[in-house]
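Below you will find the structure I want to go over with you.
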């Protein structure tokens, strides 16, 4: 049974239909890369999965249990929040909380939601920060860190709530080129540790190496999907070819 | 004479400080409620609150004082403030707190709306409730942004307390002016300026300290 | 960066202290200010060609008819200016600031049914009294009937103008009184029910309360003290003897009484001898 099953997601903003029926599934421990041109609906899809937008139609299931159904409106706020916690999200703009230190950023949600005993939260947070290579900077504030460091903190923060699936929304787009490497390295290590992930990215080479499966999203539909190397190296559809050509030039 | 003047000015100054502190204590929290009202997704509430804010900010505080204190008796023949000093003080507090809540609410609204959507979303995807997102994440950032404009309003309030005299609450200016009326001496009125200057000077320093305290983050 | 900021704070507190010292100096300059009029006030007024009269809107002494100020005081002021050979100009002032206006030379006299209280006599040079006035109790109609003499009003809560003759009268009679800003505010207190009674000038009461006024439900009853009106000038002004001579002349030739009859104040005029 796949860990995530997305069925027929539709989303419309005013007049334009951004998602026109997206379905895919993801196995536990796999990495899904989502590529496509701007305005193709990649970010909207990720936001629908993370409950930041409400899809107009479709369902989302995790481990066989339906956690979102567009036709069902009677979910309480608490249930919705609980369902949403199956996912973690790393933003393009990091969105760290500026008034908190690195450690406080990571610990805030687990402490407020009383997920674990305090001592355990500290222990887990420290080990997460060590994992992203920032255990020496726990008392710094976000404004004292480089963009790459901030994004690594954001990854640790997303992991702190122990999500089943970690999502990335163009995690390196806001970074200077020389800083992307350190973030990509962390994501790659997570993939090696069999973290289930969905990565929306413009870094085609990275997506190819990292992902088990790639979806090419174009004008709100899945234009092509398949094993990463096949989609990137040997695309079947004209639209995919055109996109890959344009981006690699 | 100098001693007599200082004594009476100090008594007036105590009333001025009372007006100042109680207005802040009332208007700072009430302003937040007004701000939420003016940003409400429930349209009728939003319209009503913004209309009230428009009226309060669009008319002089002195007029509001007179209307609030004399209005009930003059227009409806129902004096709600009773007679004597406590009713006057209460009326002044009501007028001041309403007035300053409206001014503060606009500052709060500007501050709240200046926080990026990403901060709310980051809190939301971590599973925090809306209340937690507001109080644990957004509020301090809002406070940092509103300290300078709030400082301006607070300094203005120091001087606005002198309006209380129109309904005979004996604050500092009143105390200074009585010497002109009863003894024909003018300098005590000028002396009140020193009290205001010292007081607003102290506030300026405190506000600068507070601002500095919040300068550790962006 | 930190150092710089601290330095800034220090400079600003220095500026603050300097400002305070300046204000202090100014305040004491006023306190110890010289009292002697530099030269002849009469010559000063003649030199600029106008007599600037500080007034408030106070029927029947000074009030506006169309664009012109009229009233018993206004007419007398015009006559006095004519006698001095200068133009007469009326300026509405804040009553509380009248002595400041005088010393500041923004007006030359206060001629506005001004009661000669001790405070007024201390703050300015004054003419001989020319008109009698009474301090009178104003209440709502229902209460007035139970007031026969000053004693009866002791249970009432009064509003009086701060520093006015009315306030002095309230103190002398042992009334429970509250000082407010102006006589008009005192009357408004009674109308709004925030005070039960007020004490104002009888001449003003005649014009302000009762049928046909803004306050038809109010009425006036017991008269307390009587008092006198005078004209105020800068301290040491030589216009004081000039106006006293003018009053004598105007009383003797009947023009003063004629003006008084025009505005209904003839019964209150004090003979000028």
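Each chain carries a letter (A, B and C) given by its place in the written order, and its residues are counted from 1.
To be clear about the criterion, a contact is a pair of C-beta atoms (placed from the backbone, for glycine too) under 8 Å apart; a residue touches a chain by one contact, two chains touch by 3 or more.
Keep in mind that what you see is a predicted model, and the values were worked out from it rather than measured.
Trainee: Taking all protein C-alpha atoms shown, work out their mean, then name the chain whose own C-alpha mean is nearest to it.
Mentor: Of the chains present, the most centrally placed is B.
Trainee: Of every pair of chains, which is linked by the largest number of C-beta contacts?
Mentor: B-C
Trainee: Any idea how many Å lie between the Cα centroids of chain B and chain C?
Mentor: Whole-Å distance between the two chain centres: 34.
Trainee: How many angstrom between the C-alpha centroids of chain C and chain A?
Mentor: 79
Trainee: List the centre-to-centre spacing of chain A and chain B in whole Å, with centres computed as mean CA coordinates.
Mentor: Averaging C-alpha atoms per chain gives centres 46 Å apart.
Trainee: Quick check: in the complex, which residue numbers of chain A touch chain B?
Mentor: Residues 50-52, 77, 81-82, 84-85, 87-89, 91, 93, 95-99, 108-109, 112-113, 141-143, 157-158, 160-161.
Trainee: Residue numbers of chain B touching chain A in their complex, please.
Mentor: For chain B paired with chain A, touching residues are 116, 118-119, 121-129, 132, 136-137, 140-141, 144, 216-218.
Trainee: Mind listing the chain C positions that touch chain B in their complex?
Mentor: 5, 9, 12-13, 16, 19-20, 23-24, 26-28, 30-31, 96-97, 99-100, 103, 118-124, 157, 159, 162-164, 178-181, 185, 188-189, 191-196
Trainee: Give the list of chain B residues in touch with chain C in this complex.
Mentor: Residues of chain B touching chain C: 69-74, 77-79, 81-85, 87-88, 165-168, 170, 174, 177-178, 180-187, 190-191, 193-194, 197-198, 201, 204-205, 208, 212.
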